[in-house]
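Right after this note come the structures.
Consider the two complexes below, in which chain A is the common component and chain B and chain C are the respective partners.
Here is the complex of A and B:
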């Protein structure tokens, strides 16, 4: 027989989808860019500086950890550290010193991610644990560093309405003057919360849930963390991810739906009078709902599990907003649900084909 | 037009069928030397009944049936036996084969044609299908006569003919449906008659509209199926076409269904009406690594290198040679292996077609869970297998996996999920045997 050509062997399948981890991570980075533009517009160049410092710190920490553990360092450039750095910076107020996000990113990568074994092995969302670390360690900076949004007008960066609430209604309220840099959720907590001021509830409710307030929330013309305020820009990024086929919608939709439902149930001064749209647009729900809760590593793999995760996180978010110690509950709700992921996966194992249903 | 049906889950890899679906089947003469494997079917290999130096004629038995799940093997040519030896196989590492020096391909029918099969006793038809050595031509190569002999008490009421051809690149069944539609329908009717089924149907993916139209014009009942991998997997096809779920670990006949490939139908028609045993098949040669992809009608035992030559030879860049489709086919280390009754295609794939071999850690994205047609958790089974936790793999349902490869295809980390799961299957089976012993 003639000479036969020899080939390499490999296991099947021999073809693969082009959608690889690296591409997914860089797609997420691209999807986060519109929110960065909004951050620059509303919080000025300092926001960009903080984001840059955070991303740089994240990638550098990842590289150092891998080097130290004698693992391939090219993992540091798979985009996942960039995503963590971006998300961490998006979760701090723009009034903080530069070293704060740097410290947060380094903690997120070194402790929350690499200490557990790196990509794919972390238990909780690194960026959110980094933020929790900052809130616990620097509570004053993290909760009082709000900067009122600004806008470019006549070639100048000028401050606009503080908390997205029409000032006409609130200027008469003495105590609230101190909140010139506060977020709408601060206002909510201070009036509707346990130790709030129920006598003002109706007034605040009207102005918080007003059309103008909604418009400010939607555009991002409010106080808040760097990357969480502009709903429209975040939705733009989310739309990109959906079009690229990266976003699996069970988690975002169940989370947002749950926030809306519980926001209506008890997100107002009384029962059944909350404004679902306000609770969706305020705080970090849109950022969290499309970019943090969707972290694949720390959420259930089963379809049913993802829906349970989303609903649970939504409920926790609203419970914290209404009765918890912080005005915003998005990040803690996701962190708490992250810890439940293995349990959820265990109890939502799908029935495999042909296992129960028989002879149709 | 009937509704387009499907199963749940699956994915849609690029079909790349355009490379060869327009190429009419070319009949190749037998090569100078044929290497006829004795293990072309699933089950026990045939027992050789010839020895070196023997003269054989086209269609004569060279290996006899060796057990219930086994079949006889026939010589595809007139010639002289050179040797009997173990050779590399397209579907396994190596196996016994009879090497025959071809003298000619002349010869009439081997058996008496049964023109009036409608009035022939059914056992006679089944035994003809057995004698002719017919096995499933879709790839799994299960002896056809076994499927036609349900155990007593089992009632078959549905016959589905599998014309899905969901593997990318492959077009052999598509061409066969277009070029041998009459034989296909005759074969289908013979099988329906044998099983006592009144209304058989052919399941075809809607990416083959010409085949659907032609077969419907000829009076066959076609079930249109969505283009979705693995639509042609037996249990998925049954679910899609008639809405019955075959229980895990059971066979289609447990839900009253028999599935046969379109190629098998043609082989049945050839055996019954023309008196010819199963010694030829249509196979696709494709991929960006060959010059002229096409479909070829070859005798079994033809070396793959001959097929590649017929397809214009290799291009410069050939990264991998595959027997079968790209999703479930096996990589071949040499093109010296022979074509068998189950060889649905030979692919010479260029570097850019083949998946990246780099593997990352599982990021628990759940994509494999979303697509698994059997509703398993591929990532969980694979991780258990990676850490050699075989009991965990068993509990996660490792044995239910059919290795369709959909999970590995979609995995963003490029993990060899099927490989891990197959390994777990071997270990779990060993574990069960040890437990029972």
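Here is the complex of A and C:
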């Protein structure tokens, strides 16, 4: 590991820790595998292809950047680029062409990470900035490339369920390559616009919040980005991280808690009538809340700061969902809070042992 | 410094954008197409040369205490000229440059040259300096606009370069505001590297 040292060691005493960058990163990769299986199940082999292309592009870009900057190239294999590539691919719809995640990964690594000095120096989450870059560049592909999940048995019985609402048996049409469909959050956002027909909006919302729909949301049988749909598989991965001691729960819990709270407060058509469970399960909140908001580099280091970060991100997510231009605000809320991290750290710095509080 | 040097320093050695990092506002805002960049460059160059000329001419008359307001009045005069002329003869360009034409008044390159050069030099070198700096500014904007228009629209000066297939799905971010900041960072970074290499070589 000698060639990996880019900083000087301080004088003893030191606190030893078995946590190494490599171990943490590969643990995160393992934790993301269940969601990949769900993506394969619901969106077919194309999802795997997109994820593979994204990860390959991320590692290759990292390697090229390190080579260009004359740094040790084995940094490229510490797993952090793999995590970025995976998360970026999980954040694109499965109906996009292969070059889209490749471009996004290359941007995420080259601009959001290496241009700032590599791992540990990036100011925002690279995968999320890569996604923001793709949304700004290819708004049509990134917001209309939704593919409704398909489950096929024996190649004949095709049951399609878009936006969590069963649409019946389509086997009469024959073999389908893909079926486009809206995401649950998209549908919810649209119902807010139907001011002239409150009955219709109420009816659609009721079907969105129905038991059947909730079950689909929990399993991941909905339209959405590749890796964000299956709540149960993501929770499985998160559980693994908690057991391995990699995940510190302050950020995820404060984030999910505030999404639920603000979702109930103003996530519905009026006040205090939102469905907190729906807002937790739909969109990218679970993926973001366990795998992206917990990025150690771009979040506060203080305990109080982490809770403030989580609450702020939850509030922003719900504000964007309810009143913003996009149906989902998870990625932008985390990016915005990433930028506040130095400020939060500054104002939540704990008093050192033995130091007397000023004006105390 | 010879007159030729006064002219050429603005292009590279003391390029207002690349080396002095001045005039960033129009550099970021109107470089979404090469046509806009050329129009803005021409307007700014005209104002720069004229204001350098007048400031240099009156440099011994203007009291030091009120020199900045005096420069602003002189610059504003020429900007108004450009604004009205462009509105009359190039309405389309005027429309797309919009607010950035009147904003030439507060362009730091023009004020900077008035304060830093024309105020201390004779009339002819001041005019030459204005032309050099103006062309340097235009060059910088055209370089930036070239990247942005080709990436973001697949064309250069309106000519379709990359084909309609690309134009249907261009890298839209390049002509949006974030793309301007990202590209500016890369361009300035490139010039910093060149500067470092040159200095390293001179040692």
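Observations
FYI, the second predicted complex is superposed on the first by the 312 of 360 C-alpha atoms of A that agree within 3 Å, B and C clash if a C-alpha of one lies under 4 Å from a C-alpha of the other, contacts with A are read in each partner's own complex, and residues count from 1 in each chain.
Keep in mind that, in the parts below, a residue touches a chain if its C-beta (ideal position, glycine included) is under 8 Å from a C-beta of that chain, and two chains touch if they have at least 3 such contacts.
Remember, predicted model here, so these are calculated numbers, not experimental data.
Partner contacting the larger number of chain A residues, of chain B and chain C: B.
Touch criterion met: A:13 reaches chain B, while chain C stays clear of it. Once the two complexes are laid over each other on the shared chain, residue contacts for A:115 go to chain C alone; chain B is not touched. Of the two partner chains, chain C is the only one touched by A:139; chain B is not. Taken together, the two complexes place no residue of chain A in contact with both chain B and chain C.
The part of chain A that touches chain C in the complex is made up of residues 111, 115, 133, 136-141. Contact residues of chain C toward chain A in the complex are 169-174, 176, 178-179, 182, 185. Contact residues of chain B toward chain A in the complex are 11, 13-14, 33, 168, 235, 239, 242-250, 255, 303, 305, 314, 318-322, 326-336, 347, 349, 353-357, 360-367, 369-370, 373-377, 379-380, 396-397, 400, 403, 405, 408-414, 416, 418-419.
The touching residues of chain A, counted against chain B in their complex, run 1-2, 4-17, 19-21, 23-24, 78, 118-121, 248, 296-303, 306, 345, 349-355, 357-360.
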